[in-house]
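Take a look at the structures below.
Look at the two complexes coming up: subunit A is in both, with subunit B in one and subunit C in the other.
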Partner chain A sequence: MSKPLEVALLTAPMSERGAWFSTLRLTRRFTIYAISIFMIFGPLSSLLLWSVAEKWFWPNPFPTQWGFKYWQQAFEGKMLSSLGLSFGIAIVVSIICLVITVPLAYVIARNRIPLKHIVLLIFLLPQAFPQLPVFSNVMVLMYRWDLVGTLTGLILIHLVGALVFSLWTLVSVFQSIAEPLEEASYMLGGSRIYTFFHVVLPIALPGIIASTLLVFLYSLDEFTGSLLIGAPYHITMPVFMYNAAGGYEMQVASVTSVLLMIPGILLLFLLQKYMRSEYLAAFGRV
Partner chain B sequence: MGIYIEGLTKAYGKKRGITDINIHLPEGGLTAIVGPSGCGKTTLLRTLAGFHTADEGRILFGSRDVTRISPQGRKAAMVFQHYALWPHMTVADNVGYGLKLQKVPAKERERRVREVLERVEIDTSDIGTRYPQHYSGGQQQRIALARALVVQPEVLLLDEPLSNLDAKVRQRLRIGIRSIQQSFGITAVYVTHDQEEALSMADYVILMNDGKVEQAGTPEEIYRKPSTYFTAQFLGESHTLTLKYQGKLQRLVLRSGDALVTPVVDERGTNAETQERSIAHEEVIEEDGSWVMEGEIRHHLFMGSYYRYMVDIQGQSMFVDDDRPLKPGSCKVTIPTEKAYWFDI
Partner chain C sequence: MRRINAFSLTLKQQLAGAAIAAPALTVVTLLFVYPFLRSLQSSFRSQEGVWTLDNYSEALSIYGGDYLYTLWICGVSLLALIIITATIGGLLRLGVYPLLEFIFKIPLFVPFVVVGHAMRVFLAPHGTLNSALSITGMFNPDTLPSFAFSSLGLVAALVWKNLGIGLLLMLGAFRSVNESMLEAARGMGAGKLKLIWHFLVPMNKGSVGVMAVLTFTSMLGSFSIPAMIGNAGGSQMIMMDLYHQIVYQQNYGVANAIGVLTYIASLGAAIYYLKGVTKK
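Now for the complex of A and B:
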């Protein structure tokens, strides 16, 4: 009969107690790792399995017929055009965001603007409510302007969310650049514009890249707005996947999500290289 | 080129700012602006640099009125507390930046960059490939100094350039900056909160308090002839004692190194520690050109080359430095009259 754990711990000699604790710690760590790996890769592995399963019926634990039929289908059918559309829109949205928010964020970061935080909050407002009612209301407006079902409408709806990410991160990026770095340039005769391009922009570049990657990923994965405004004329990847899953085409949906995941994972690795925690700090501050 | 500041006023925020500053900074000299934090010294420097525009008054660099001129057009250069070197440029590009803006040809630019870096004692062999981050704090500040000097500015502004460095480097760079400033013969304005730095480096010291000039003069003048209580207690290692003199309570400001302690010894030659204290004078008296007061040595600290005594005078304690080992007990404290200053309460 072994002693209860607490008693064992209290009565054991010091060295044994240490061993007990390290065993406990190892067990705990292993359990946490196992759970996290399962949580992260469990759904992913199921997606991967589904994407190569040509036949898979209950109650078989694994597909009965394997193959790349659906991958082939994917690359022959409409999915490819959806993929192209999603990437195209994400690129356009990223560029527009850059053009609008880089100067805007710089001005906000460098000037004492009255009610600065309120301006930034207004930008954040659409994100504070559930997406569906916000986008439904936008859709009503867009109907009035004949934008529903158009590429312009689709890009505009993506910008609603993308501008927020972009502006908030870029304001922090510019705020993290010490002002004397610019003042040193002014003292040597550098104009504001010259200084912006030769001092501020190069130093801000990693932050700008990080922010653009965030925007790109957001646009690539944006679903609600894309469904309401774009469908059925312009089907982005997430909408395509939704349609496929809705029609119980598990394989097509899996192939789509695997395809959507690849750029996401690649970009997240890039993001990790450029992102610094203080870029997100403004979400609570400013 | 001397700097003339006439009636300069700048309100800045709610409280901080400068009011009606009238001073002349001599040509080719190093003028230190010193004062406690929030006294307006940084506002004054930034107004000189052109980062703030004056509300009232004028700033003249020589005969040139620069009051309304942008920082770019003032022909002044600045050295910042945190160096402000650009991390994405090599040292050569950092120092050559101003010359590039002046469209100096590449060859001459390189020659001048090397020349100025040699004068601030930076090894120039790999300045084209090394970035500021690869250098120590003291070296970075010397590179920043080179970047400011290479454009041959009329005025050099230094904003607490040594506050970010450790004590040893700071001591060395004080001499370094001073000798470079003298060899260039440039008019320099040096802002610091460290009164020791101001006194030791400057030709001329401006002590500021609460947005106004409290006192200005050579380091010796301002240290030896403080005209206000604030000046007296701000400079040196000062102590303020509230003492009776000529039947009236007044404030006496004195410095640790200036006072002399003499133990009161009885007939047998021992220290009067065990005896009852007999106070000869209840107030400060003047005797042979010195202020004399009764006190008691309470504690002593061994400081290496000298001892520091905590002396109690009329219930108030102060430090007195002396190189003799003394025992605790009654003592007499004497200070030459010209080295201690009375102020009304």
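Now for the complex of A and C:
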């Protein structure tokens, strides 16, 4: 705000000042919302538009012919098997992660593990360094172990990133649970195992659900590893989309994008209460 | 109160801890730490297995420009990201904008590949943005510039994808600022922008730094966004060069030398972690 305007406002009669301020505020609020909505939904809505455009000649501002031809085409072709593959892998990866990282994250959160900081550092590396240079060397190793182009290889490469993601979020979930609750259970004669399953786990459940959903989404979106290890035998959705976009099949790529986007947006809408900021922002904090 | 720490663990507890850690550690060590070390080693070896620095001189002479270009793009993206998320985070901290936080969480849940494709469709010469602009009648559609296959397209996509995580980290820090401090500043006549840039950001220097380091690393390592957006000739992102060296040239020495150069650029996150540990 410039000085003269401020002075003018301060010297104006009370009622006028109020009106001035409220119009100013309303316009500012409106502008902030308009810019934000344009920024976020602009690119996303173009995907939706392209996915239902059968013909779109430049410079028409809207598709010349609308229709679901490409949606039908997508569901008849190879995309459906990619969709199935991606969801299948994501489910398997989520379950494995859940089984492996829940106990580990708990043990780390309660300092019951030797060399805790070194263990955590190892689990930080995949998040701290770019994936592609490392995964290209994994590819060489996997060729040696006959894992390239297999489902096992694909699941393993997804697990690397997923485990890290899952561990960091779960450690912060368990750290947020007060320790005296467990001590009370020990006092009353509960064993460690009993306390974990009957005291800790129920309290941690919302956090565990959030972390599992994040892992599911991570696996669904994983691109680098899938391209190097899975393709061309097992083509996941992101790789399918990359191929379609590379071949300038704008509509097919857009249909795939919309399908890839749906699970994330759906989870965001349905599970807003689980998606607490502190879980999402857990990375790099010990 | 009984405190359990790493030094007073019984042997049985240590073994149990190690057993619980074993599966996850095995996967990450074998499929990340080991190949990571291999890439370091391989970057210093020629194809005949002799120790050499040739890979680096070759990588730098061919891709030195792309390396600087990548750092530049990531730097510009980071700057834009900090400006946008600090402004929005500040607005959310200082006022009530119910929908805004939800809107800006969306990019967190949109896959990288999808962001790349969406920006391509949105910013292409005949893309939706230019179409929308031409509807207004103020622009001649054929003279509108194309942002998609340029540096601007890359920056837009990288910033867009990181808006969600950036805002979360920023907002978490801003929300921990004492209300009375802000009241005092307001009492002195500070406007919203001044509050954000003269109070909230400097007070949370540490958290802004964490956010900067984390997103810079993620931008640097991003492969799917440059792969989707591509380039119109000229410089390209270093990850594309790396992929090219592996898939088409199969020259792992040079590819790994490029890899090591990107590790160096993303050391910030690791250093930050070690600092945090040694402080304790």
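As a working rule, the second predicted complex is superposed on the first by the 250 of 286 C-alpha atoms of A that agree within 3 Å, B and C clash if a C-alpha of one lies under 4 Å from a C-alpha of the other, contacts with A are read in each partner's own complex, and residues count from 1 in each chain.
Methods note: a residue touches a chain if its C-beta (ideal position, glycine included) is under 8 Å from a C-beta of that chain, and two chains touch if they have at least 3 such contacts.
Values in this document were obtained by computation on a predicted structure and should not be read as measured data.
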Overlay done on subunit A, so just call it for subunit B and subunit C: clash or fit. fit
Going by the contact rule set out at the top, does A:199 touch subunit B (first), subunit C (second), both, or neither? first
In the three-chain superposition, say which chain, subunit B or subunit C, touches more residues of subunit A. C
Contacts for A:183 in the overlay, against subunit B (first) and subunit C (second): which applies, first, second, both or neither? both
Once both structures are overlaid, what angle do subunit B and subunit C make about subunit A, taking C-alpha centres and a multiple of 10 degrees? 90
Once chain A of both complexes is superposed, is A:191 in touch with subunit B (first), subunit C (second), both, or neither? first
Partner chain(s) touched by A:257 [first = subunit B, second = subunit C, both, neither]: second
Could you say whether A:36 touches subunit B, subunit C, both of them, or neither, answering first, second, both or neither? second
What is the contact status of A:217 with respect to subunit B (first) and subunit C (second): first, second, both, or neither? second
Which partner does A:124 reach: the first (subunit B), the second (subunit C), both, or neither? second
Superposed arrangement (fit on chain A Cα atoms) - minimum subunit B/subunit C Cα distance in Å: 5
Footprint overlap on subunit A, where subunit B in one structure and subunit C in the other make contact: 183
In the complex formed with subunit B, which residues of subunit A make contact? 178, 180-181, 183-191, 194, 199, 202-203
Under the touch definition given earlier, write down the residues of subunit B that touch subunit A in their complex. 49-51, 70-74, 76-78, 80-82, 84-88, 97-98, 101-102, 144, 147-148, 151, 157
Once bound in the complex, which stretches of subunit A touch subunit C? 1, 29, 32-33, 36-37, 39-47, 49-50, 58-62, 100-101, 103-104, 107, 110-117, 119, 121-141, 156-157, 159-160, 163-164, 167, 183, 217, 220-221, 223-224, 238, 241-242, 245, 250, 253-254, 257, 260-261, 264-265, 267-268, 272, 275, 277-278, 280-281, 283-286
Subunit C - residues contacting subunit A, complex: 1-2, 4-6, 9, 13-14, 16-18, 20-21, 23-25, 27-29, 31-36, 38-39, 42, 88, 91, 97, 99-100, 102-115, 117-122, 126-129, 131-132, 134-135, 141-142, 160, 163, 165, 168-169, 171-172, 191, 210, 213-214, 217, 220-221, 223-224, 227-228, 239, 242-243, 246, 252, 255-256, 258-260, 262-263, 266, 269-270, 272-274, 276-277, 280
